[in-house]
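Order of writing sets the labels: A, B, C and D. Residues in every chain begin at 1.
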Amino acid sequence: MHFFSDNTTPVCPPVMAAIAAADHADHGYDGDAWSARLDGAFSTLFETEVRALWVATGTAANCIALATLCPPYGGILTHEEAHIVADECGAPGFFTHGATLMTLPGDGAKLTPDMVAGRLATIRGDVHQSPARAISITQATEYGRVYTPAEVAALGDLARAHGLGFHMDGARFANAIAHLGCAPADITWRAGVDALSFGCVKNGGMVGEALLFFGPQADARATEAKRWRKRSGHLFSKGRYLAAQILAMIEDDLWLANARAANAAAQALAQSVPTRLLHPVEANELFLRLSAREAAQLRAAGFDFYDWGEGAARLVTNWAQDAASVAPLAAALKALDP
Amino acid sequence: MHFFSDNTTPVCPPVMAAIAAADHADHGYDGDAWSARLDGAFSTLFETEVRALWVATGTAANCIALATLCPPYGGILTHEEAHIVADECGAPGFFTHGATLMTLPGDGAKLTPDMVAGRLATIRGDVHQSPARAISITQATEYGRVYTPAEVAALGDLARAHGLGFHMDGARFANAIAHLGCAPADITWRAGVDALSFGCVKNGGMVGEALLFFGPQADARATEAKRWRKRSGHLFSKGRYLAAQILAMIEDDLWLANARAANAAAQALAQSVPTRLLHPVEANELFLRLSAREAAQLRAAGFDFYDWGEGAARLVTNWAQDAASVAPLAAALKALDP
Amino acid sequence: MHFFSDNTTPVCPPVMAAIAAADHADHGYDGDAWSARLDGAFSTLFETEVRALWVATGTAANCIALATLCPPYGGILTHEEAHIVADECGAPGFFTHGATLMTLPGDGAKLTPDMVAGRLATIRGDVHQSPARAISITQATEYGRVYTPAEVAALGDLARAHGLGFHMDGARFANAIAHLGCAPADITWRAGVDALSFGCVKNGGMVGEALLFFGPQADARATEAKRWRKRSGHLFSKGRYLAAQILAMIEDDLWLANARAANAAAQALAQSVPTRLLHPVEANELFLRLSAREAAQLRAAGFDFYDWGEGAARLVTNWAQDAASVAPLAAALKALDP
Amino acid sequence: MHFFSDNTTPVCPPVMAAIAAADHADHGYDGDAWSARLDGAFSTLFETEVRALWVATGTAANCIALATLCPPYGGILTHEEAHIVADECGAPGFFTHGATLMTLPGDGAKLTPDMVAGRLATIRGDVHQSPARAISITQATEYGRVYTPAEVAALGDLARAHGLGFHMDGARFANAIAHLGCAPADITWRAGVDALSFGCVKNGGMVGEALLFFGPQADARATEAKRWRKRSGHLFSKGRYLAAQILAMIEDDLWLANARAANAAAQALAQSVPTRLLHPVEANELFLRLSAREAAQLRAAGFDFYDWGEGAARLVTNWAQDAASVAPLAAALKALDP
């Protein structure tokens, strides 16, 4: 049983059905009927006017968003363990033409307003230093932590006060909403977020993530983002197959149902080893203390996952699981601490 | 009946079946079993050691290839109507960090060795001028013309003599091979080509094109290309779905069967209006003299296509057609010249 | 006697004196008293509010200007023999992060409104093609031709009508004004020019060219240009030595006196061989028919210059010459056609 | 009396004399007699084959060096307070096309081999993370600290072991050598350094810094650097005036004499307030505890300098000073702690 990543799961059946349903002739690129429905579908979901683009990957969504929010000479305040910092091989530098990632520490890969404000205070206004122009946070974070609406709003206030764009990497946005039980609007535009990478693939899609823009500049930014999408080779010839997947994901709350399943699986595992958790489990990732011997024992029993440095492991649950299906691992984990 | 572009066609059934067959859990990115078979499958097809990567689009394949062949200060010799010049919104400038497209005229969007050699002769060797570092041709060309093996080899000789990388944009490579009846090797590495954008989507795929490297530097270039692929947001989370499509396309000569069907449809149309052709029809594109009135008449009869400037039209056939299925349009065209 | 280029001349004495006069302690970068006077001095000269920056070279001035006028996905309409196209090793691509140079032919390296309008008409508005965003002309051109105020204004009208920025490469701006006898304003902001590279070094300076911005966006563009200047390594530690040179050049009309001398020398040469001229002589460059034998003969007599392809030569006069001082060459030229 | 920065000083007389001596006609760019002597002069000074280029500023020297050592997808290990990180407005990102600055803490802005090795150990070898490709240190550092030859060599060993390029920002290289009393070779190529930004302007020059390459790849890197120099607008039209300054600086050990004077002045000040020093004084910079009241008192007495955060100040001495000339400030400082 795989707990490597939610990338390893197959495509969930309604998405596969949507692909089959879209398998007709239509205009190329984003000129088709499915792509035309994206803005509307996301506007409904987020209770405001939204501009939505499909792109190939979360990296593309993140970096195109950042390119619209930050000039090449600007800086992006973000956590030092953010995906854009640690796992995109410098893609933000490529898309922004060399903007600076201004990295900050913080528990659970979460930024705090204090830290952001503190860093802003150190930047001189002269031409020798890159001015901060954007904040980027990950929701849920790289350690499976979830920002509350109030926490996001506090960063949003700071962004507005300093004229910064505000981006949210939502590769696991669905898991965050499933945890919070709030409206998607509450942790995005209502909290000051300008651009959201709305993850689909980890949550049951095949290919295609959505990049959303909110607020008064949404239209201008989306127009520019379409240029970046083309220039970076992300304007698919048959975009309808991506649009159809994304629509299937959001139109019947499939995205939430899938995320709830994954979160429930994670909770079941967490409850079996509460004293080993390195971070509170709020989404679908667990970080555990686990000795090499224990890890080997679990693997021998058929459970696969990544080590997370020495004496620790990361386990990721997914949409195809739930509390029942991960019971064997929960039992095996429990058995480690008799 | 659509003749806008081969982008408008649905996915061909064997590719759809391959997607379904790949719908199992596996490692993320390109760590899966399908991606692992790409090098081997293309090596067999091209009768030499090949390195193969999937990417989202032809633009990405072209531009990642160019980024491995040309430094930012270098120049790429290409036709002034090449896709990389006219239809990628400057993507080559983005991926190569500002390399110069050195554009040349030429009938049917084909480069000739004479023109290339003539241009090379005008470049001074000093630091003030960008040195040419690569040649890029399109096979079949933007006007549906096909380079013969000898024509490619003549450009390949020139490339080798001047130390230039040689790239082929093969968005319609299959149509070219279907026309020539030669081995894929004959118009690629045997003719000096270093990198090939091997098109799948126009020819029946859903998402995913292949980028191939040949020759002694194939391995080093593919290694670097994997960095560009990641940095440009093209390392899909679930790459197996792309790999499976590409494998389905090449493993039973589906690519050739599809291209032959499209070419046959184009030939049937061409034979119905031989005196109106603006370019010889060698692949699956037709460029016709057509007055506005005639165009309107055809559209009224249910045939859709793009105007190509004043008094001309472009029609593209596809894998889902053949001579029989386009007979109604052939008849309608013939009726224009009674 | 050198006629290679106006780059070969020494520094003119008033500039050298200004350097000596500036040789005191002052604040670094552009925080000094000399740099602070640039805006005012150029505002006086151009009879409008001007923002002025010093940079190292004409290439830097041109490319920083273009970076403020054109986004990475945009295009710059310019002559195919413009310095930015042919002699800057792709620097515009570097500074603009890959914008496209949309090159046009034209007699004497001059753009005409018809050609520009014709090219604009071919650009589709979709995302696949780079939109034109700027025009760049050279005054005097690479062939020593001078645009009249009416000619510049016609291009300026076109720029305004299409929302394009308008840049003038004025490496030999002084020679153009000396020829036209008009106000600097007449061929710049009054004719729609937004940014001017104001050349000093060829005209008697040592190091440092001025980049000027006009019009309602001058302030915003200059502010952004200062970021590019820093990022490209052009914010000199002791900027006062550049500012002092530029001020010396413009404050007593030294720039015009120098250019008049160079132009007069060119006219004297032109009049000696009127039938050999490949282009009308309007500034300080001559392009002559000249056989290899004739060229050798002149060189043997001590006159140095560059060949300009087969059977032609380029001669450049400079501030340190005048009609009298080039009389020996005029005589030698005349003697070729007895 | 200014202690803001060594940028504020005038040009030292021998450099001014060298400029005057170079004021003759010669070939443009770097085709002149002075530029031609740079390689030889630096080869003599460094006791090995050196390739040397002049550029406008230290930022340009640093960033062109880094562009030759690190690909866009690579990372550069450096101190978090290094000039390239904190004071170049992201210029390294511009010149390297988005390479990642991998910043490390460390006393006195010095890197230690342990820290570098520790950071290297955290980088996975996969395509998701930028590989380290270069180390950059500043000698003397941003806090006026000097690396010993052994310290540099330890970093050089690490660089070699990991296949990293090794760059030294020597804006105050002269002050470091004046402090160490060793041969320039001892802290550069003999210690594994591949590229050195050799500072001249702070040490008495007017415009122009030197960028040096050492070792077996020196020639190839310098050739590539010349392309970057041109593309970034740093190929001055009259390069001879820069070359002459640099030659004047090194040919009679003027650089060392100037640095010794500045260092002596700094020592004199340091000895007047030994208990207030925040860092050992090894070059020409002092960092002092100083209350706002004390700072005001010194300024009222005619001494100017920058605050360095709360309760501290930075003072920089220069070539035009020595122990005697700064005696008034030394006395004023001493008087603060009666």
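Keep in mind that, in the parts below, contacts are C-beta pairs under 8 Å (C-beta built on N, C-alpha and C of every residue); 3 or more make two chains touch, one makes a residue touch a chain.
Owing to the predicted nature of the structure, the values given are computational and were not obtained by experimental measurement.
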Exercise. Looking at B-D and B-C, which one has the bigger number of contacting C-beta pairs?
Worked result: B-C
Seminar exercise, completed: At the largest C-alpha centroid distance from subunit B we find chain D
For this session: Just give me the whole-number Å value for how far the CA centre of subunit A lies from that of subunit B.
Result: 34
For this session: Just give me the whole-number Å value for how far the CA centre of subunit B lies from that of subunit C.
Result: 42
Seminar exercise, completed: Chain-centre distance (mean CA atoms) for subunit B and subunit D, in whole Å, is 50
For this session: Find every residue in subunit A that makes contact with two or more other chains and list them.
Result: 72-73, 88-90, 94, 97-98, 127-128, 227, 230-231, 235
For this session: Sort out for me which residues of subunit A touch subunit C in the complex.
Result: 71-73, 97-98, 127-128, 224, 226-231, 235
Exercise. Quick one: in the complex, what on subunit C touches subunit B?
Worked result: 72-75, 86-90, 92-94, 96-101, 127-130
Problem set entry | Residues of subunit D touching subunit C in the complex | 2, 4-5, 7-11, 16, 19-20, 23-29, 55-61, 63-64, 88-91, 94-95, 201-202, 206-207, 227, 230-238, 241-242
